[in-house]
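Note that the chains are named A, B, C, D and E in the order they appear, and that numbering of residues resets to 1 at the start of each chain.
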Amino acid sequence: MEFESILKTAFPFIVISIGVLMGFQIVLMIVAYTVLGERKLLGWMQGRIGPNRVGPWGVLQPFADLLKFILKEDIVPDKSTKFVYFLAPLVALTCALMPIVVYPFGPAITTVDWSFLPYGLGEGVRALPLTIAKIDVGVLFVFGITSVGVYGIALAGWSSNSKYSLMGGLRSSAQMISYELAMGASVIGVVMLAGTLDLNGIIYAQQQSTFRWFIIPQFIGFFVFLISAFAETNRTPFDLPEAETELVAGFHTEYSALKFALFFMAEYVNMFTVSMMCTVLFLGGWYVPGLSHIFEVGSIPYAVVSHVAFIGKICAFLVLYIWVRGTLPRFRFDQLMNFGWKFLLPVALANVIFTIIVVFFVNR
Amino acid sequence: MNMFLFAELTVPDPNVSVILPEMIVAVAGVIVMLYDSFFPKQRAVSGAIAIIGLALSAVVLATMWGGNVPATSWNGMIAHDNLRLSFSFVFLFVSAMTVLISTVWVERENVPAGEYHALLLFATFGMMMMSAGNDLVIIFLGLETLSIATYVMAGLRRADLKSNESAMKYFILGSFASAFLLYGMALIYGATGSTNLTEIAGKIAAPNFPVNFPALLLAGGAMMVIGFGFKIAMAPFHIWTPDVYEGAPTPVTAFMAAGPKAAAFASFLRVFVLGLPLVAGVQASGYLHESWTTALAVMAMVTIIVGNVAAIMQDNVKRMLAYSSIAHAGYALVGFIGAGMAKTDQARDEAIASVAFYMLTYAVTNMGAFAIVTLLSQKNDRRTQFEDYNGIGFKSPLLAFSLSLFMLSLFGLPLTAGFMGKILVFSSALGSGNLLVTALVVVAVIGSAISAYYYLRMIVVMFFRERTTEWIAPKITTAIGAVLVIAVIGVFYLGLFSDGLIQRFSRPGAAVITKAEK
Amino acid sequence: MVGTALFFLFAGFAIMCAISMVYHKNPLYSAISLVGVFISLSCIYVTLAAPFIAAVQILIYAGAIMVLVVFVIMLLNLDDDRPLNRLRYLYAIGGGLGVVLLAQTLFVFYAVLRAPNQPVDPNTSAGKTLTIGQAMYTEYLLPVEIVGVLLMMAIIGSVMLARRLSQPQLELVVEREEELRGEDD
Amino acid sequence: MDFLSNNLLTILILLPVVGAVLTLAHQAFWKQESQLKWVTLGFTALNFVVSLALFSKSAVAGASGFFFEKNVPWINAIGTNYHVGVDGLSFWLVILTTFIMPIAVLSTWHAVEKKATAFYVFLLLLESAMIGVFVSLDLLVFYLFFEASLIPMFFLIGVWGGENRIYAAVKFFIFTALGSLLMLVAIIGLYFIYADQTGLGGSFDFVAILNAMKAGNLILPAQTGMLLFAAFAIAFAIKVPLFPFHTWLPDAHTEAPTAGSVILAAVLLKMGTYGLMRFNFALFPDQSRETAWIFITLAIIGIIYGALVAMVQPDVKRLVAYSSVAHMGFVILGMFSFTEMGMQGAVYQMLNHGVSTGALFLLVGFIYERRHTRQIKDFGGLANVMPIYATVFIFTVLSSVGLPFLNGFVGEFLIMVGMFQSQVLSVTSTVNWNYVATMIAGTGVIFAAVYLLWMVQRVFFGKVTSEKNRSLADLNWREIGLLAPLLFLMIYMGVFPKPFLARTASVVKGLQERVMHQAGGTIEKTELKPVSADAEHK
Amino acid sequence: MEPNLASYLALSGILFTIGCVGVIFKRNAIGMFMCIELMLNAVNLTFVAFSRYYADTTGQLFVFMVMAVAACEAAVGLGIIISFFRNSQSVDVDDASLMKN
């Protein structure tokens, strides 16, 4: 059968495509509501109500925003470098979305029998992983992609041909490079304890470890990671590339309409990614202690509960982000650099060395 | 918790004692740096630490010469043989001299001494690794360590455009050359499936010739010749040399002319002579070997001629010395080709020793000459033209006669080190009895005759010309004085009583080498 | 089939980006093109079963080195390249060198093409992160150590080069001004 | 005494070095630079006295035929030894060197005012190197001294020379260095050929190589041999200097200070001819014989050319310099006649040239000190003002021209006769080219008489043309004193050449037989007596 | 046709050539530096391709070292370029012509 063989070849791609769509859908929805949540929370913190006109309690606000972005006039600065100007937001969002493919949304579903599928498509399929792509260097992949993300900002700043933008771009690239080091160093401890770079592998390693969550043995690493994560995502108190009060809006001063929306989305997706990494590396990912006693490991309910727990942990981090934004003032640039190079990096390295010693003696 | 698969592990072979000299140098670098950060502005102390480190390393190296050291260690990455030992001594000597020479300059230009000395020590570390490395990885990393340190050192005089320019040219062309070298290494790896030189040599020498792509050996060899050729300033890859040498601060120039060049020769020798050996009976290997020796012989001729002829036309002393260093690379290449064409292992070892000895003589002489140039040049190397040396001969006889001595030694006058070096490389080359090599030696000899002109010019301007402007002889500091004494004694010692040293360099019997245990 | 398509896709993209890098006079365009090359090479590494190298390629080249380059280009605010004036003869040299290297590439290509094709064991562990990590700390311990020294030295070096110049003259001016003000007061 | 005879040559080499070191060290304890000449004079004189020990009858020749031989290993790695010895060929040259040196020092008694320390140091070092050249029997050691002698001379010309000194000094150095470097290659080549063919490992030892050649263990391939021969020959031909390599000589002579010119003429030029005889003839006899025609041609061109150019020189010193070219041409001619008489004459002429031309340069130097010019046109009628000077000068010129009873005659005559008897050049049915060569060379003698005597006539006779010349002081006692031994030698060598010739006879005979494979032109056969003046003198 | 060793090597060779030509054609120090990086990358591809062919880790380790070296070179090289720029207000190699024969 011609059709059958084609289907058999195409089936994995179809499955992956569905997975990708679903993954993106989940993430984008969460991101959209993070924006709303931020406005609400900030409003409450400042004794305001926050958006409440569009839909009940303002729940449809994100869609209204989206509509506005789409319909607004797109202004392109006259002296800008056009190609790069258009490229920058695309780069930013693409790089932000790429890591979704390694998100460990939940444990693999292994108990379902897939043989009911027609044309024997389910033959030999034993597990349905809740990860889009299985890359055994997941951690490196995420870091790599996010580090490319800086181009979006830097190029946006350069191509706008505006001094505010340029300053923002310069700041962001300096900041990203500086804090990436501390971030990378802080993860090494976890990777050493886990013995793998695979995100799911790290989660499994946490299940088998004495402490269940790596935040306990690696609390220094956790804090360093968290702080660097704020810097990497350009969030307050490290939002110098945007810095409304000094740089107007930093790198995206000259952007408007949909292109601005892309940057905006990229920032929130990055937040989500970083929260995800934090969860996976330090808080056990989707793992809920004791859940295996209630549901069979690999069954659908187990996966669903795990997934919900995973999203919950991430949301907790997102709330933390918003909280910090509501409370802390912005750093000065030299303070930011000093803090990154002279405090975070040494601490992270000390943590690495300490972990090496511990691992060495425990493993003997 | 732990997911290592211990079954697959290669047993590491960390023999620290073998790389102890290198480690001492690197650690000394770190100490210098730390000391400088806690007690800044104590230039003399940081220099002293550097010298102590280098001396300590030399002592350890000397004990290893006769010691019971495995021939290869660190999983075959470090080779311990006369090539390594003799060249390492040259490097240590060069670096120690550079530290001494720099004292004047560091003071004059207000250079951060700690970092400078640290860089110098790391560069030395790189050089020593280059001579010890028995694996392409080590050679590459050593080379890069050396190069990167030297790029920075060349650009140390940051307020001076000349120095910046020098550093930039050196950086760009140096990394360009590294890329070629690396491509060559990749192709050699592709041809043999290994980066270990012992293994590569074994494969080339094996009777059944288990090399997958012999053609890649040829291409890789060519690329590596380009890469190494850049580093040793072999024509036509010498174009960077004059500008870089002229622009770099004088002590750094001294270092670059003697140290990195010797280091590049060390690994060049190791890769080509020991790694791609001449093996009778294996046609492909013989063909490969012949092609690189022939190519090198031709290039050596060009190098000698270009270096000498261009040196004649220079008005700047540093530039003249730069071209002369190109010519000297050509002379050393003569010995190199001798090593490549040697028919017996003994002859090969002797030829290698002759190159090492040549580099030593060149280092001694060169260091002395540059010490004087450093002393005489003012801030930002303003006084490095020949005119600035007019008639200083009898105003500062000590400096002038030492400089003349070094010039004559560079020329290769008998009784001096230069002569001994030259005669050794020439005889090791003539020993192969090849016609091309004989022609090469003749060219080299004609080249040295030409070189008489510009070396004598130095003497001529110093002694035979009259000085029109006022000139105050600079005070000879202790450090520079020490360099001069060492260099003058060295020139005569190497010229007259070098027998023991040559024997040491060439005779494997001097070192009791045991096979690696595993 | 898929492998072939991917290879030619990425190879074509890499070559296009490389040519665009050389062609563009604007350094930032060149930089962007180079990032394109890096990314497509990284994808090719994935097809060559070297995921670790692929990730590190992105991380180091695209994420660190090129960001630094872009940063510098932005900092210096460079203009477009001017055409060669003093060094016009370099066009000839460059062209010659290019031809020679292409010839060598062909030479290598045919040398390897005619060679017997050794089948690769699909279960090989080479390229796995674990294998690389193990080799790094057993067989390749020494190179890794040297890389450590190298990195430290690069840090020292770049700090030395980039450190702000002390400007004694400026300080003098300031001091004099202060003195003057003191007198005024 | 044993010590002395064992180490005599080493002492001869080292004594001047010790003197140089002491001279240098004077600044530490004795700050009178002007008195240094006494130190130098002392050391050179002492060296001369020591060198007289060479005459000692107790000396015995070693197996290789060399006296006072010393052979100690120096650098084993390349198999070179410190091997020195002296034989008939080098004997007189060593004596000549030590003899000329005190005279050269005396000649500069008041002339050197600036940088006297360095001047004397270089003189002493030069002496050491020159002696080294004549006594070393190891090729490498020979090369070493050969090159080492350049540096002091280079400085002497360059620092204390005339106006054009830099050009002259550099030219002198580069010409000689180029030749000697080629020789170095040949030496190394010989080393490897020796190693290859004898299987004894390489050696630079002249005696060892020569013995191997004589024993047939070392046979040079024809082409290689010719190349090696050429390398050696060019080095020495430049030093001699043979036409067309002579161009450095007039410059060097003219610009050099008096002492430098004297030493250059008396000793340094002899290194070339000595080297040719010692090394080229001994090591490459066949090549020497085959290429003799080239050398003879060049020598004759040199003779004629030197004479013609000398004739038109306006400068006395330059004239004398060109006369050197001509004279050295005679020496070469004699050597390459390969007859015993010719070669004897050549050796003898070397000494003659040293004495006569040395004296001429001294005399030119004296007048230059007084007048600070050497142009012939500035003089005229000097005989009226300076009678002693004129007498001595004319006497020396006659010796140089080759007047019978004076030394020049003996040498030139022997060379002519030797060449006449020679069989090196081809003899066709119509022309015996040996005769032709002799005849053309003979005209050179006439030319010499012409240009020298013409110069004498213009300088010394006639009226005093320049007012400045009227007040010139005649020679003082120091000058007369240092010329006296030279004048004595001119006469002595002219009338009683036997002791000189006797010492060189055996070596020359050996060389002659080595080259021609047969005896020829021996002195006994050709009845020297009526020719040589010594019979009549008795 | 599956991509085999030869095609990877050809790609690497082409990239190397482009980089090399670029180094010579570019007048801009940063541009030259980028071309050198391209050359290094081409070499890395060769290493990885051979590493795959021989199923040997060595090549990939070499690549790793090369990357570390490239990072160091970038740091130092850009520092040099900046310090040149500070003094000359240009990174054009044509302007680096203070020293000539």
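Just so it is clear, a residue touches a chain if its C-beta (ideal position, glycine included) is under 8 Å from a C-beta of that chain, and two chains touch if they have at least 3 such contacts.
Note that the structure is a prediction, hence the values are computed from the model and not measured.
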Notebook entry, point to check: Under the touch criterion given at the top, what is the topological distance in steps from subunit D to subunit E?
Noted result: 2
Checklist line | Chain closest to the middle [Cα centroid of all protein chains] | finding: B
Margin query: For this structure, which two chains share the highest number of contact pairs?
Written below: C-E
Next item on the list: State the chain with the largest centre-to-centre distance from subunit E, centres being mean CA positions.
Entry: D
Next item on the list: Starting from the Cα centroid of subunit C, hunt down the chain whose centroid lies farthest away.
Entry: D
Checklist line | Mean-CA-position distance for subunit D and subunit A (Å) | finding: 94
Next item on the list: Just give me the whole-number Å value for how far the CA centre of subunit A lies from that of subunit B.
Entry: 51
Next item on the list: Return the distance between the CA-based centres of subunit B and subunit E, expressed in whole Å.
Entry: 25
Check: Between subunit B and subunit C, what is the separation of their C-alpha centroids in Å?
Finding: 28
Checklist line | Junction residues of subunit D, two or more chains touched | finding: none
Notebook entry, point to check: So which bits of subunit C are touching at least two other chains?
Noted result: 52, 56-57, 64, 68, 73, 75, 104, 108, 112, 118, 131, 135, 140, 143, 147, 150, 153-154, 157-158, 160-161, 165
Notebook entry, point to check: Residues of subunit B that touch two or more other chains: which are they?
Noted result: 3-4, 137, 141, 144, 148, 151-152, 155, 158-159, 187, 190
Next item on the list: Under the touch definition given earlier, write down the residues of subunit B that touch subunit E in their complex.
Entry: 136-137, 140-141, 144, 148, 151-152, 155, 158-162, 164-169, 171-172, 175-176, 178-179, 182-183, 185-187, 189-190, 193-195, 242-243, 246-247, 310, 313-314, 319
Margin query: Under the definition above, what is the set of subunit C residues touching subunit E in their complex?
Written below: 3-4, 7-8, 11, 14-15, 18-19, 21-22, 27, 30-31, 34, 37-38, 41, 44-45, 47-50, 52-53, 56-57, 60-61, 64-65, 68-69, 72-73, 75-76, 78, 81-87, 90-91, 93-95, 97-98, 101-102, 104-106, 108-110, 112-113, 117-118, 120-121, 124, 126-127, 131-132, 135-136, 140, 143, 147, 150-151, 153-155, 157-158, 160-162, 165
Checklist line | Residues of subunit E defined as touching subunit C within the complex | finding: 1-11, 13-22, 24-28, 30-31, 33-35, 37-38, 41, 44-45, 48-49, 51-58, 60-61, 63-65, 67-76, 78-83, 85-86, 91-94, 97
Checklist line | Interface residues, subunit D side, partner subunit B - complex | finding: 74-78, 114-115, 118, 140, 143-148, 150-151, 154-155, 158-159, 165-166, 169-170, 173-174, 177-178, 181-182, 184-185, 188-189, 191-192, 196, 202
Check: Once bound in the complex, which stretches of subunit C touch subunit B?
Finding: 104, 107-108, 111-112, 115, 118, 125, 130-131, 134-135, 137-143, 146-147, 149-150, 152-154, 156-161, 165-166
